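After this come two complexes, each holding subunit A, first together with subunit B and then together with subunit C.
Coming up: the complex of A and B.
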């Protein structure tokens, strides 16, 4: 259905003919589902076209140019930016950092999130209050999260260092975000803290629909707690976990704010993820073409992961 | 399961609460301590002296009020637009037989996952041509790139879960499809729209990269880039910075307190952004 046909259909129904058709009981017949459906989809289609599809194409186009941010034209370099990219150690370094960042945050989110969901699935007094509170880090603005963790991590008066030193776990305060050895885990911890609620909510929702008689039957068969967890709980939630892990991986891989605001990609590029490298190339060194080329590579990685997701959905129509 | 387990659970629950709530508590309590107490070692876990000085300073000495209002404007406009555009599309995907609907649904999900780093360069170039840089409307439009797919993705499932019977009854009574949407479906969709709207608002409220790149005029700045500026310009006035962080959290805390029940629905249904 071409959009202009749909508009024409709407025009035909406009004004007085609308009432006439309705009187005649022919409105539903005249305005067939397909027409109205397309009309309702038009605003979103227009939004996608102008704000997503065109910019994507324009981004790919820009990646074939050497172009300064203030330069109206730029110089055609063909695949030059990609050649530069794949021969550049910093690109491979950032790809590695991004992969580890996504892997570490998602892995910890899944394991901790499942544990927390299991805990909140047990009955105890005040459970609904705790369930509510656990969501809060997700609702907190990223900037507030980043600022409070900067204060908590502070080497001179940060409370984390105070507690670690006072309890004898470490001998001297750690400059969490400015030491190349600890910065990566420093940002990972914040990423886990902020986005854990999501995994908790989704796993908890899944736990609540596991049929109780499965557990009864297993108990009668003499299965212990560990066996019941592995054979029933884990088996039941594994599809949800896989989907959540996949989606979280994409979001963490693409996440710019958390790491950029905490460390700016440093110290010594220890936390230089791909989105930060895009930013650095495009707005730090004003190489829009190189920045675009990195972003395009990120886009194709996204397509690859999403294909896995869609293939999985096809297999499990639920 | 009998509550005999409870005693064993509480230490774990307390640990969880400490992990989740301590940063929140630290943010709020630091904002209420005088400057000298903020830097004290060992730190005071309960403020010795309580003061609202940082909050007064925030409005008298910084442009926090302006940043807050600017952010509110941009986020409300983008959320409103996204709710209208997105729920119309979501309703169509949930109820109508449109050719290519499934493919379109997938495109929506893909759009929802687009990295901001990919869009920011072409959007800057495009918006500069259109005169939409340094404009709150421009930034609101940029936020539609994630808000519209998000609303469509969540509301599609929501509309699909609303029983068709009432709509059919309205149609038999002579209502038009659009009339049925407005009078019958919309009232039932309100909780879903509120929860979805709050998340769309939250994502916009969080957004930093577009806000930094598309707006350079200081008087138009929004909260995220504006607040990060406090870290360097006000040196290490952590009391002030924590007061700003607390106030920036406030709208979300209010929304959270008011409709926590719906939020869980919204988050579970597809609030997988971040």
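Coming up: the complex of A and C.
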């Protein structure tokens, strides 16, 4: 009996204090008790709605219209824009370019970024300074990066061509960004250069928390440097590499400014990625509906890629 | 199996704060099949010594010989040693089986030999049901066994253990300590064991090396270290609770050496030195179990007042205040004393330790 009585007393006391609080604080106190969770969630929920759900929904909605800038009402065409899209060679070409662009930049960023991180993980004099300097490309604004690289690539007075010609590697300067054969790799290189530090920083951070004991145990077990990298380092940084690959893929697939500012999608559409095609449709030919349709397709493509990634990540037991 | 000779080993680390002497002039012979413990407080150099034997660290000077063969500059894998780490250092993405056979695989052992050895080790350490699990799915004790197995499987000449039990809970630690002792009985490999836990060192070792500040303080059998500590540091480090220390002077009265401290005069046995070789200052040491409660009018009785009394299972530790400080007395649990009670203490004259000086390096005179 006694515990029940005590509980009842507690409940009475609790009820009394709630009533007292309500008398003292009035409506606010009552609200605080009953709706606090909702109130606290409201700002982020609103932000999410306004900044994410609405534009996305509006974009999908727009893709069902033939809508011109001069005719903002537009005409409902249903899936017409998508039918046009999937029958259009431009779209398939850009999808291929985008896939290669994302694949090449992300692949190189990960391989080179891991290599640089491994180098910066070794002790050497001035390591902290070099670690700081490595961040430099990432901190530079894209427009400055593009201007610098356009100068470097320039066929008449670019340093790269000067060095190549002076050292006798090539006979004549190469018009890196205006030759359809070299333009793709020209923009890929800048994309890799600019975002490499992102990979370096994250991989380096992961390297620093790998227990040193594991390497020592492996040394005693007879593993050489290569075996230690393959059997320990690679397994330890694998998860981080997967996440970095996911983030970089989304980012590079959607990246607009580097390619647009360097080549504008040319020459001869050799670097025409999907974001540039969206821009061309929406703001070049003012076909907002078609532009939206491409953007929506990109969105669902990325969702598909992400689902594969997450399925892959979840398979890992730890 | 091999005997290990450590010759004038010296190691210094250069850091921001200057040079740190981690190890100074360590010379030690470890017999084939011996279980030897390096024991001491944090930073005493015991782990550095072990890592140099393993080849994970190069000494500033000195040599290491296995069976007379100089291995000082050899890579760890060329030394035929095995090591168990405090953190176990099991490869987390590999199964227990893969962990066990990794060393064999790296040495190019054929598949059937690996399978045979894994089976034998797993049976010996009773880890067969866990062979296909990963380290994260194991308990602390199981991981410990896998770590031992990974070291044993290669049949090393020298087996190095760096605080292998310190990550286990108290009960498991006692259990694994016994298993380790049984394991050494069975395999009879030379084992070098680093610990800060003097109880582990006492119970497991054939010999103990006590270290402090990179310098070897004493080496000897556990009972020697316990009953005849070479200096004040060893005396205080070995034994729980610590040996009681009383600082004072030694002088001769009526042909007998006397120790006088604050409020205490103790007649020393005849074999004690008549005078101190150096300053005249001395430290008298007596272990808690060699202090007894005596009648207040007994000759030489030291008056004391009880401050705290602790029951530790079968025995009690009484903290009593004397004029010069505090003394711990160990009695059977049946001896009940109350705080504030006045008692009289007697020291067993045959068990007195005397140190020349009052510093921690004060050498023992008896």
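Assorted remarks:
One rule holds in what follows: the second predicted complex is superposed on the first by the 267 of 318 C-alpha atoms of A that agree within 3 Å, B and C clash if a C-alpha of one lies under 4 Å from a C-alpha of the other, contacts with A are read in each partner's own complex, and residues count from 1 in each chain.
Just so we're on the same page, a contact is a pair of C-beta atoms (placed from the backbone, for glycine too) under 8 Å apart; a residue touches a chain by one contact, two chains touch by 3 or more.
Since the model is a prediction, treat every value here as computed from it, not as a measurement.
With subunit A as the common reference, subunit B sits beside subunit C without any clash. With both structures placed on the common chain, the touch criterion links A:232 to subunit C but leaves subunit B unconnected. Of the two partner chains, subunit B is the only one that A:197 touches; subunit C does not reach it. Touched residues of subunit A were counted for both subunit B and subunit C, and B has more of them. In the superposition on chain A, no contact is made by A:290 with either subunit B or subunit C.
Of the two partner chains placed around the shared chain by superposition, subunit B is the only one that A:159 touches, whereas subunit C remains out of contact. Nowhere in the superposition do the C-alpha atoms of subunit B and subunit C come closer than 9 Å.
In the complex of the two chains, the subunit A residues touching subunit B come out as 1, 22, 27-28, 31, 33-34, 36-38, 40-41, 43-45, 47-48, 51-52, 54-56, 58-59, 62, 69, 116, 119, 122-126, 130-152, 156-157, 159, 162, 166, 193-195, 197-198, 201-202, 205, 244, 247-248, 250-257, 260-261, 274-275, 278-279, 282-283, 288, 291-292, 294-296, 298-299, 302-303, 306, 310. Those residues of subunit B that touch subunit A in the complex are listed here as 1, 3, 5-6, 9-10, 12-13, 16-17, 19-21, 23-24, 26-27, 30, 38-43, 84-86, 88-89, 91-93, 95-99, 101, 104, 106-111, 113-126, 141-142, 144-145, 148-149, 152, 171, 174, 176-178, 202, 205-209, 213, 223-224, 227-228, 231, 238, 241-242, 244-246, 248-249, 252-253, 255-256, 260, 263-264, 267-268, 271-274.
Partner subunit A is touched in their complex by these residues of subunit C: 54-56, 75-77, 81-83, 85-87, 89-93, 102-103, 106-107, 134, 136, 150, 154. Those residues of subunit A that touch subunit C in the shared complex are 211, 213-214, 216-223, 227, 231-232, 235, 317-318.
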